[in-house]
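Scrolling down, you'll hit the structures one after another.
In the two complexes below, subunit A is the common chain; its partner is subunit B in one and subunit C in the other.
For the complex of A and B:
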């Protein structure tokens, strides 16, 4: 095998430009596969981190009647959890409300949260330090859509526990920037005790955010959803993106492999006399098959080297500068940063190398098998069709 | 049949399918060659010379009869065994040299020794010695495309001789050479035959080559027409 690779190396280096054209095409596929997967992995990692940091914490203890995908469940999807069970949990209480910025009407979710919490990155300290009677913080996206700035007062209408409408001016105490759309779009965050007071539902929560020390325990009327569970929709989207991405790189890889296959078929046809000479000099047919297979497989090694030469600086640049995403977070509904920073893990790089090397070896072996059936006399004459 | 025979061909026939019928290239040939002979199989095109050499070189097998080379029956050898026979005991010289184009002169000659798993030092010594024999040591680093036809055939001789084979099979080695080069090439092989006692078997219809041969086996229509010992340096088996 060592001999086959030594000879294959010499043959390929001797073939000059043809070798580097094949290696170039394959290396392009190589770099694109790593870049695309790195981008998806980068998005996945960023989205998971942002999701956990801004919304999920270590998981949610959710009221059984609450369904985040069903706004009607807000009316009854809340309750009280015994105080002794609230250790390592931060309550969030959600109510529907209507905001009237500049004469317009916006349906919003009013979310009460403990101002002293540290489990998520929401700047709730701004609520604590505000002197306003009804302080709220909103995300940058919400501020833009409602045309609100810090210090603005805006009319809010909500219903209390008896269904009676009430209204007051709330003050924008802070605007935060996040990539997590369901913390930003249509959300108003305020002190939970103020919301209790406004609704008359003191002690109620829709869900609790768990910190890292929280150990799930059975509690009637409440269910624990781990952060992996909460991230399931995102995971599905990421996986779907990976599948659609794999079609692209399958096409690219096919082009590279087709070039190798084509070169191999032509090589075996054009180099019949050479094959006959190898056999006359004492190589077995299968050694010659091995030599031609090694040549094809070596394209993938050259592609790796070539890919490293231009790919490492290119991919490192992208990893450092990030890749601007055309959609803003509130438009897509996904946890999507303005810039995604690709992540290239060892598993991705080694996995891609293995896929490319193995597939290049297979497409090289397929035409090379013909050599095993060659008549060396005909090969020496170059008369095989 | 003597044990000193390096080649024993007994009642060998070779037929090739042609369309619906068959073409008989060799017909019931019996012939022996002894070690150290400088012999040739001569005859017009289509007389079966190359077919006979291919069988002796274990590149082909007879349809009938037995061909024994270096004590091995060619028909009974596996692919691996015949490859080993060619690698260890036989040298080939072709009409069109068949040098490997991407290798240098040195690497072309070295190739057979790589297959024998010789060390780099052993290979270098043997290759340079073989190139000295044929007067090509100064061109070791050149590619085949940069040398002339005569030089190419010298390299081919060095490649055949570098492993010190027992038998060299040369198929029309001077067909592509001018008279001066042809004489020089044959003289080189003749010298190697004398110095190293290597058996040379030619397939040729070149008068220049014939003038150097100690023995000529004339083939006509696949049959031995005449077995002629020109000089008495070897004895008829």
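For the complex of A and C:
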């Protein structure tokens, strides 16, 4: 076997540019596979961390009648949880309201949250330190769409528990920047005590955010949704992206493998005398098949080395500087940072190397099988078979 | 001396109080003018926007306060859109998508065809006398007509507006102007009613301007081109099946 690899190495090095073209194409597929998967993994990791830090905590205890995807459910999807069950939970109460910035009308969700909470990164301390009667904090996206700045007062209209309209000026006490669109767009965060007072629904919550110490327990009218469950949509999208991305790199890989396959077919056709000589010198047919297969699979090793030469600096640069997302991406409703920093795990790199080597070996072996059927005498004469 | 002044003024004050008629009676007369068992209205809604005005015409059928059906006739974009209100539920049929959707929650806060009227403004289901205690607080003249100024305070907990102020024509008992307030006292909406005409035994305003006071703009004019009261409307009109007809 050692001899096979030595011969394969010498033959490939002797082929010169042809070898490096094949290895180059394969290495490109290799680098793209790692980069694309690293990008998706980076997005996934960042989005999960942001989702947990800004919205999900350790999970949500949600009122049974509330469905976050159904705004109709907001009207009745709230209730009171016994005090003794509220340990390690931060209440969030949602009501609908209308905001009137610069004479325009915006439908918004008014979210009340405990100002002393630390379970999510929302800067609720700004609400506590504000002297305004109705302090609110909003996300950067909301501030941009409503053209609001810190200190601005804007008229808000809402309904109380009986459906009676009320209105007051709310003060923007802070603007936070987040990658999580569902704590930003169309939302105003305010002290939950104030929202209870405004609506007359004291003690009500739409959901509770659990901290790490929370142990789920049965409570009538409420259901616990773990952070994994809350992240399920993201997981689905990530998986879908990986599948759709695999089409691109399968195409690239196919081009690289096709080049190896063609080279192998050509080698076996042109090197019949060499094959005959190997057999005449005592090698079995399958040893010659092994030699040619080793030659083909060695392309993948060369591709790996070549890929490392230009891939490592390139991928390291991208991991350091990140990949800028278009401005419109934050309107997609997904947790998406302005820059995604790819993450290249050992499993990804080793897995990709194995895929490239195994597939290169297979496509090298397929044409080499022909050698096993060759007549050595005819091969020595260089006759076409 | 101050007792003397007080004694001199007392009869005047009493007379002034007695001069104002009973507000509840006025409100009852307003309700009598504005409500009917059934009505069929052909109307135009002129929506004044930043880029000009546009007119939406419609034909509406109503049975009391709780049941109504409206079909939009023009412009082409809105033609065929139908709206059905049954009690506190509202459905809209859109011919372009051939789908009927039920409006609820925040969608009821959206404006009707871009006007100053929201869907929830159309969901009010009771007479004024059932919802408000009224007091006459003054007398003013609007467009040459003498009006009683009534302040209405909700006597039911679930009234949309806790306070209203109405300017009621002293002869025709039709509101010529109305202001709707939030609990905080913030003025939310203003309505101006004009072109009051005699229709059968009642007076009715044929032009109503709705203005959301929190929004910029000139508001929305609701112009009645034809109205019939207490006519027989077939029951099938007020069914979901009629939305797709």
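Definition applied: the second predicted complex is superposed on the first by the 380 of 385 C-alpha atoms of A that agree within 3 Å, B and C clash if a C-alpha of one lies under 4 Å from a C-alpha of the other, contacts with A are read in each partner's own complex, and residues count from 1 in each chain.
As a convention for this text, contacts are C-beta pairs under 8 Å (C-beta built on N, C-alpha and C of every residue); 3 or more make two chains touch, one makes a residue touch a chain.
Predicted model only: the values in this text are computed from it and were never measured.
After superposition on subunit A, the partners subunit B and subunit C are seen to fit next to each other with no clash. Looking at the shared chain after the overlay, A:320 reaches neither subunit B nor subunit C.
Residue contacts after overlaying the shared chain place A:380 against subunit B, while subunit C stays out of touching range.
By the document's definition of touching, of the two partners only subunit C reaches A:74; subunit B does not. Applying the stated contact rule after C-alpha superposition, one finds that A:155 touches subunit C and leaves subunit B untouched. Once chain A of one complex is fitted onto chain A of the other, the partner contacts of A:103 are limited to subunit C, with no touch recorded for subunit B.
Seen from the CA centre of subunit A, the centres of subunit B and subunit C span an angle of about 150°, rounded to a multiple of 10.
Contacts of A:131 after superposition: neither subunit B nor subunit C is touched. Look at A:10: by the touch rule set out above, it reaches subunit B but stays clear of subunit C. When the two structures are aligned on the shared chain, A:166 is found in touch with subunit C, with no touch to subunit B.
The superposed three-chain arrangement places the nearest Cα atoms of subunit B and subunit C 72 Å from each other. Residue overlap on subunit A between the subunit B contacts of one complex and the subunit C contacts of the other is empty. For subunit B in complex with subunit A, the touching residues are 54, 57, 59-60, 79-80, 83-84, 86-88, 92, 94, 96, 98, 100-103, 107, 111-112, 114-116, 159. Those residues of subunit A that touch subunit C in the complex are listed here as 71-75, 96, 98, 100, 102-105, 107, 155, 157, 159-160, 162-168.
Remark: subunit C residues 104-107, 109-111, 154, 157-162, 180, 182-184, 186, 188, 212, 214-217 touch subunit A in the complex. Taken together, the subunit A residues at the contact with subunit B in this complex read 3, 6-7, 10-11, 13-15, 273-274, 276-277, 279-287, 375-377, 380.
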